[in-house]
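Letters are used for the chains, namely A, B, C and D, taken in the order the chains are written, and counting of residues starts over at 1 for each.
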Amino acid sequence: MATPIRGIFVPHVTPVDKAGRINDVELRRYLEWLIAQGVHGLYPNGSTGEFARFTADERRQVVKIACESAAGRVPVLAGAAEANVSETLKACDAYAEFGARAVAIVSPFYYKLSPSSAYEYFREIARHSPIDVTLYNIPMFATPLDVPTIRRLSQLERIVGIKDSSGDVAFMLRLMSAVRAERPDFVFLSGWEPTLMPLLLMGIDGGTHATAGVAPELTKAIYELTQSGHLAQARTLHFQLVELFDAMLAAGDFPAGFRAGVDLRGFNVGPSPQPLCVVDETARQSIARSIRASLELLN
Amino acid sequence: MATPIRGIFVPHVTPVDKAGRINDVELRRYLEWLIAQGVHGLYPNGSTGEFARFTADERRQVVKIACESAAGRVPVLAGAAEANVSETLKACDAYAEFGARAVAIVSPFYYKLSPSSAYEYFREIARHSPIDVTLYNIPMFATPLDVPTIRRLSQLERIVGIKDSSGDVAFMLRLMSAVRAERPDFVFLSGWEPTLMPLLLMGIDGGTHATAGVAPELTKAIYELTQSGHLAQARTLHFQLVELFDAMLAAGDFPAGFRAGVDLRGFNVGPSPQPLCVVDETARQSIARSIRASLELLN
Amino acid sequence: MATPIRGIFVPHVTPVDKAGRINDVELRRYLEWLIAQGVHGLYPNGSTGEFARFTADERRQVVKIACESAAGRVPVLAGAAEANVSETLKACDAYAEFGARAVAIVSPFYYKLSPSSAYEYFREIARHSPIDVTLYNIPMFATPLDVPTIRRLSQLERIVGIKDSSGDVAFMLRLMSAVRAERPDFVFLSGWEPTLMPLLLMGIDGGTHATAGVAPELTKAIYELTQSGHLAQARTLHFQLVELFDAMLAAGDFPAGFRAGVDLRGFNVGPSPQPLCVVDETARQSIARSIRASLELLN
Amino acid sequence: MATPIRGIFVPHVTPVDKAGRINDVELRRYLEWLIAQGVHGLYPNGSTGEFARFTADERRQVVKIACESAAGRVPVLAGAAEANVSETLKACDAYAEFGARAVAIVSPFYYKLSPSSAYEYFREIARHSPIDVTLYNIPMFATPLDVPTIRRLSQLERIVGIKDSSGDVAFMLRLMSAVRAERPDFVFLSGWEPTLMPLLLMGIDGGTHATAGVAPELTKAIYELTQSGHLAQARTLHFQLVELFDAMLAAGDFPAGFRAGVDLRGFNVGPSPQPLCVVDETARQSIARSIRASLELLN
């Protein structure tokens, strides 16, 4: 039976060297640390990983490293969106072979599609993919997926769950009602930090949170304390999570603040593949303070 | 000491007779029933009460009836927004005399104001109001209030709380962090049904929910079960609440579906003061089914 | 035959005295000046006139003064939106008696209505109004009116035109195509300064522009030069119009910058009925400079 | 001296064969026809060309074919956006060698960048590109470029113009005012059909319009009649252009209706590289009718 997709998955940043190439050594060192911190899964090629700023070959390299690092210890949810269905399916094939648990496929972007075209896109992938597929809904960047479309897609066997980064609690609750009647095992993952604890309490399975790549101890503790009913403690940590998340969001264009956060944890992530505004010293110190506050709360 | 503002307040509909006048008798009968069901407070002149579609005199009549009906048994939170500060202050004076616990003042609408103009508006009211003021944030209809502005306003003694109908959980959490450090007694009320239980679990004080005017038994039970830690039962009821809420939202232009819901509970609410699209029979039956399902869950 | 609604109508500000009452004397002096400058019509109780911040009685007073000032020399388009259809019809009756040419009724605000409810609202008014009605579409503040709804409304005899403040040229062109086939005399007025000249060239009838209350010479010249085919000169003036408009928009919450502009032309408009952020000296000087530049271009 | 960028450029669709590969033969036949119709330039890899749904290699193939087809008869504006600056610069190098007149680079998409990051992105490209660059602003799909950012970018020699598909006339006028003072030769192209004639009358240089790939006769006539002052005739054609444009937009997810339109002109464009909803027969007939009406108006 397949490993369940549950708990905190890390949509991790992608370290690059000075020449702009993926920093293989540092990426492995970083993933090893995340696994040692007890995260429940890895998520290469997410938005935090800046998948859209790498070439198709580089995206493959990243997933390969993640699968090799995980080495069966934790499941890998591999971002597999490419230019079109046929290219995406080639990525699915490759990631299945690398040993990923499932792929995560962001809703089509640049063009905003109608619900029925979004459905066609994912159905075509579901029909031919050799590996389980999770939907990735992120309306601020890509075609929004609506409840009826996701419900229809949840009836395809290959589609096993959804990561929702809308931050919209009402949407997630409606989705859970709509899908679970016919597909009780469908996986719901939050992708927007402030909704992690509230939605865990309403019954979702976990989250994929960029902040987990910076303070894995914190997200893991929130998950475990919430699931075991220690709400007062979890609440204190969750308010801290929102503060850390906000400090990194405010630091610059996403995911610059998150790259800075990982850097502050001792990993040489290098510059973004895109020349963005730099994270200034004030923002960096604010992130550092927030990381320290998080770790202190855990002691 | 002032009655705490806590629990479920009902932003009730406003029954009118065939001539379009406020139906005094039916309104009193309806409010008596709500109090008998154990709601924690009344909220006349909310969006559900269609305050903007009545004249200033009619708004006063509604609050007077609500205060007389409450008769000290439950607190009244009276919607007091008028055309400008001076007119609003006249309403505050009147509602204080009627015995309201506090007024609720919606952020300025029609024009969308900058945060500093919104601040000036509420500060001017706070300075002169003889009665406690709660802010009412409803970005889909009125000038959005942001976290820094609300934090500043929370430092004025007369401003004692906020009702937030944004449905945005992240916003509410950020607000709680920002305000409670310096004003620990500030009251947070949810105004969007799907966030009621999740936000209660994160520490808010209650909610003002139109659905509570249709199924007060349901909202009261969710509040009490959540506060006492019976999460599994509360969750089941909360998913039902979202279903009922959605059935009424889908029935027509807000608050037509909620008027239909109250009608189905046996009160003659009459037509809206505005000639809106009618709630058709299919929508009405869907609301009726959802009310029945709610009541069955409670037995 | 009724006076045609054509050319530049002035949605004028409403001067108030220190006590916050309408300044009857200054309003008359201001309107007299506007008429002397050759504006084609007056538009009391528009958004610029802050209709929503006055009481129903005050709105009536403003229209009465405008009609008396116009004294048949220019037509008056009177803003007549009130809390509901019945109150609005009372205003229509009054304004017909005052001698207004037509009323302008903004689409319902606060609540956002569906197209069919918006249709019902205007149809009910059209059925009972003793005076011609123009629709007022301003999607940034009120329920947007769409092309099919306006087309249906244009088939009611009493509805004779539309003022569109969306600034969306595509929308206006689609509307003209949709409406003129069956209602060739329907009046199209721009309500967003930057679209005045482009839309006049595409065949609209005129505009109602707040800037015309500050620099009536400029808007009138643009209108006349464009209609007579002097495009190069009109273009130069039009770019200046956009600059002046932007200076006033940037000065503070609408219509604070326009109040400051009228003040700079020598009229004592007093404070807004609402305590808004003040227009600072820098913004005021920028408006003054832009007014001077406008007048110099005309010499 | 470089060929001026002026008139109507065609952002053309990309024909594919049944296997989903670019149909070289049909693309050449189609471009030859467009040039024979007198279009002023070609624009491969635009949104209409579905650049984002092809691989980097395929995008290169398309530009190569366009440059070979143009063969110096008309200038080629080649869409050159790739995953990051370094990949984009490789495309710029290649397209310069193919003989393109300039590249067009869409603002970064998927992530929405701050103005300063958008500036950094284009500055970096401008510094290293061997070929002139035009900015491509399309806020509905990509990071919006604002006036101050474009003004700053217009001071870089390599950046010679902008294509704006916002449809926002006010934006374009503000931009023209802001840029022309210091860069009088900067090129302004409309990318949203309904604004073509209005903006030509305000002084822009031309347009890149998908509809020009379906009815090149029509867009060319509008351009020439407007520029030569035959406004009444141009206006009639322009309203027809909007109708044809709307028929194709309504036919399905963009650019499905435009592919159908080209197909109706006798070119075998094949399916989109993405499995979208099909254009149904009703929509297809509506497009066909609108093409016929366009051609009849021209006789």
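Just so it is clear, a residue touches a chain if its C-beta (ideal position, glycine included) is under 8 Å from a C-beta of that chain, and two chains touch if they have at least 3 such contacts.
Keep in mind that what you see is a predicted model, and the values were worked out from it rather than measured.
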Key: Partner chains that subunit A and subunit D have in common   = none
Inquiry  = On a CA-centroid basis, which chain has its centre farthest from subunit C's?
reply    = A
Note = So, in whole Å, the Cα centroid of subunit B is separated from that of subunit D by 50
Request  = With chain centres taken as the means of their Cα atoms, state the distance from subunit A to subunit B in Å.
outcome  = 37
Message = Going by the contact rule already set, what residues in subunit A reach two or more other chains?
response = none
Remark   = Contacting chain pairs, sorted by label, are A-B, A-D, B-C, C-D
Remark   = Per the touch rule, the subunit D residues reaching subunit C in their complex are 167-170, 173-174, 176-177, 192, 194-195, 197-199, 201-203, 231, 235, 238-239, 242-243, 246
Remark   = The answer for subunit B against subunit C in the complex is residues 20, 47, 52-56, 83-87, 108-114, 116-117, 120-121, 124, 140-142, 252-254, 273-277
